[in-house]
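One chain, subunit A, links the two complexes that follow: it is found with subunit B in the first and with subunit C in the second.
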Partner chain A sequence: MKKILQLFLGILTAIGGFFDIGNLVTASQAGAAFRFQLLWALALGTLMVIFLVEMSGRFAAVTKKPIPCAVREHLGARVWLAPFVVLVVLHFLTLGAEIGGVAFALQLVTGISFQLWAIPVGILMWLFLWRATFDAIEYSTSTLGLIALCFVVAAVMYHPAKSDVLSGLLPSLPKQDAAKYWLYAVSIIGALIAPYMFYFYSSGAVEDEWDPTYLTVNRFVSVSGMAFGAVITGAVIVVAGLVLHPLSIGVDSINQTAFMLTGAFPFWGFALFAATMAIACVGASTEVGLSLAYTVAQTFGWNWGQSLEPKKDARFALTYTVAILLATLLMVLGIDPLKLTIYTMALNATVLPIVSIPFLLLMNDGHLMRQFRNGPIANAAAGIIVIISIVLFFVSIPLLIVGG
Partner chain B sequence: MHLFRDVLDKQVEDREGERMGRVDAIVVEIRDGRPPRVAHLELGFVPLARRLHPRLEAIAERWHKRLGVRRSARFHLIWSEVLDVDIHRVQADVMADETPAQDWERWLRRHIIERIPGASRDEK
Partner chain C sequence: MQIRHWLGSLVLVAIAGCKSDTRREAERVDASLSWVATAGTVTKGWVENRLPVRYVERVLGEAHEELARNDEAEGVRIVETLRDAVRRRDAAATREPMASLLARWSALQQRSEQMKSQ
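After this line comes the complex of A and B, so read on.
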């Protein structure tokens, strides 16, 4: 019974963690500029993230170690140094983007600047982490996150031509704006495989005390949670493709995209867009904030655990406190959340080999993983992920310069 | 036991299972005519920084002196105080809170965390 509940909640959490400011922005951009043509990038990124999340959950269930602990312990501090620095920076930028996303959604509804909204948003987010247990955080944000389904409803109500949607799933070359096309493809993938996705998942599995009996739950959660999340993101591409593309509206500011849903929900559309954006970003920002603190605490061997009270893990609690404070400050200073999101998502794609290769190596360590080590299918997937991630490493920064 | 594989970088826990850092360095004593022997394990930012780069060690050492929170930059865990080594942890026969390894944790708890309301969740 407990496992069925875990399965259900796990899928919800996976959806909750999946859909965030990164997906919303990159999917709207892609739909507005290239209609359904970039759906293939979503499909490819989703397949990659399914494998990464499944492996990180399996790894945590078998070894009872989250990824940062495992890499430092088994590959050494020097190997872990680069991924660690990269993870801290990216988690921090993502945290800023998510807090900015919530603040921007509030600006849409109230007209008051996101720079001002960032302060109460940061304080409330911190209070939530300070007071709530891991389960409470996981379940409340994920259940509320279902509001994002309004995009799926809208996509169905707009009646897109099925053949157009399906042909978008096949990769094709752009007719114009090639640099922009490839940048958007890279950003979509970067938003999907944000490192916090699988790092947070592995720490969460350890917090929930998974063991090898949870491997089936893990497989279902990673496949269906990510697939549902991808359906929502795909719906954003479709809606943006149907509403924004014909009007030749690019996504230069979030204001321009906010009426995407009003055709389907005339009265509620605008509010629904803002609510979805706010809730998705609240959910993701708590996960990113926690994931940052997990990564730091596990690297140095401090006490950690969101189920502990802050005074039992002072350094862990202080890590997310300082991170939220600085990320909020970033928004108060007026860094554009949209630009920050776009740059961060491209960076996610760039650093993928650094943060994933050490972990993928450990998936084959028989000493650690015993009979649960990667089989031929998972290793083939891992090999493809490594090849794609190395390509992304070389192309994303140049694309950002040329296409952005 | 392989020192590098099984001990270096492992989680250190005290006798009650409290996490107190990682094995940041291993100090081996070379003895005349006899095999070398593990003297102690070191825990702390400074020995960790030393493994990454000598310049980092100098910076870490300077900050350690300037901040003055930790009693010693290198907490020496004497090998005879190690109770058990397994795949998950190195267990030490000490109380974490009494060692310099937890000086920062204690200082931050006392001076910052406990001053913020709600640091213990059960308080009403």
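After this line comes the complex of A and C, so read on.
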């Protein structure tokens, strides 16, 4: 019974935790510019993230060790140095974008500048992390995050042609704006496989004391949670493709996306959009803040755990405190959350090989993973992930320059 | 050798960053088209009571700024009229500028398609 409850909560967490400002922005841009043509990038990214999340959960359940500790212990501190630096920078930028997302949602509703909102948002975020336990954070934000299902309802209510949606799932070449097309494809994948996602998932599994009996739960959660989450992101592409694309509206500002739901929900559409954006970004920013603190604490061997009182893991708590303060400052200084999101998502794609290859190597370590190490299917998927991530490493930055 | 490698990379990045005049013009037209459509959509949303007035005012301000940046004088003029009407909370006064905005949108759309087919 406990496992069934955990399965349900896990799927809920995965759905709610999947959707954030990165998915919202990249999916809106893709739908607005290329209608449904980039749905294949979402499908590809989802398959990749399902495998990575499943592996990170399996790794935590079998070894009971977080990824940073294991990489440091088994591959050496030097191997972990580059992924560590990259992860800290990326977590920080993502945290800034998510705090900016919450502040921007509040600006939509109140008309007060997001720069002013960033300060109370940062303080509330910190208080939430300081006071709440891991489960409270995980389940409250994820349950509220289900509000994002309004995009799925809207997509159904707008009656897209099924054949058009299905044909978008097949990769196709762009008729024009090739650089922009590939940049958006890379950004969608970058938003889906944000490294914080599988590092957070793995640390959460260690906090929840998973053991090999949780492997079935892990498999169901990673497959169904990520797949349902992808359906929400796909719905954003469809809604943007049906509302913004026919009017030739490109997404150069988040303001240009806020009316996407008003055709389906005339009086609630705007409020639903703002609420979805705020809740999704609150959920993601708590996860990113924690994931950053986990990564730093696990790297240096400090006490860590959101279920501990801050006085028992002071350096862990100090890490997320400083990160939230600095990320809030980014927004106070007036950095555009949309631009920050676009750059961060492209960077996510760029650094994927650096952060994923050491972990994928450990998944094949028979001494560490015993009979639970990667089988042929998981290894084939890992091989494809590595190849795609190396391609992304080389193309992301040039695409950002040419297509951005 | 290393300096030459870095210089080569910089040149490649600079080439990639340089845009032809035609491409720049196409981007200018597309950006204007996008903001003209945005201004029209949010104003319609306000008239139909679907969008809050403060949001609409903010978006019209942003559209005005972006259209001015893209030298879209006609669009700037129409959006100014719309802003005044919204500021006065006069929904009826948006009718005429909305019609002009639609005409401008069609003209920009045609221009954008022409540029893409070239």
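The rule we apply is simple: the second predicted complex is superposed on the first by the 404 of 404 C-alpha atoms of A that agree within 3 Å, B and C clash if a C-alpha of one lies under 4 Å from a C-alpha of the other, contacts with A are read in each partner's own complex, and residues count from 1 in each chain.
Keep this in mind: contacts are C-beta pairs under 8 Å (C-beta built on N, C-alpha and C of every residue); 3 or more make two chains touch, one makes a residue touch a chain.
Note that the structure is predicted; figures quoted are calculated from it, not measured.
*Asks:* With everything superposed onto subunit A, say whether subunit B and subunit C fit together or clash.
*Replies:* The answer is fit.
*Asks:* Per the contact definition in the header, classify A:Trp302: touching subunit B only (first), subunit C only (second), both, or neither.
*Replies:* In the superposition, A:Trp302 touches subunit B alone.
*Asks:* Classify the contacts of A:Gly111 with the two partner chains as first (subunit B alone), second (subunit C alone), both, or neither.
*Replies:* second
*Asks:* With subunit A at the apex, figure out the C-alpha centre angle toward subunit B and subunit C and round it to a multiple of 10 degrees.
*Replies:* The angle comes out at 130 degrees.
*Asks:* Quick check on the superposed pair: does A:Pro266 touch subunit B, subunit C, both, or neither? Answer first, second, both or neither.
*Replies:* second
*Asks:* Touching A:Lys162 in the superposition: subunit B (first), subunit C (second), both, neither?
*Replies:* Once the two structures are laid over each other on A, A:Lys162 reaches no partner at all.
*Asks:* Looking at subunit B versus subunit C in the superposed three-chain picture, what is their shortest Cα distance in Å?
*Replies:* 21
*Asks:* Identify the residues of subunit A that lie in both the subunit B contact region and the subunit C contact region.
*Replies:* On subunit A, the subunit B and subunit C contacts do not overlap at all.
*Asks:* Which residues of subunit A touch subunit C in the complex?
*Replies:* 108-111, 176, 247-250, 252-253, 255-256, 258-259, 262, 266-267, 269-270, 398, 401-402
*Asks:* Report the residues of subunit B in contact with subunit A in the complex, numbered from low to high.
*Replies:* 4-5, 8-12, 18-22, 24, 48, 51-52, 87-88, 104-106, 108-109, 112-114, 116, 118-122
*Asks:* With touch defined as at the start, can you tell me which subunit A residues reach subunit B in the complex?
*Replies:* Listed in rising order, the residues of subunit A that touch subunit B are 63-65, 69, 72-74, 76-78, 81, 130-131, 133, 300-304, 309-311, 314-315, 317-318, 368.
*Asks:* Name, in rising order, each residue of subunit C that touches subunit A in their complex.
*Replies:* 13, 16-17, 30-31, 33-34, 37-38, 41-42, 45, 48-52, 54-55, 57-59, 62, 66, 105, 109, 112, 116
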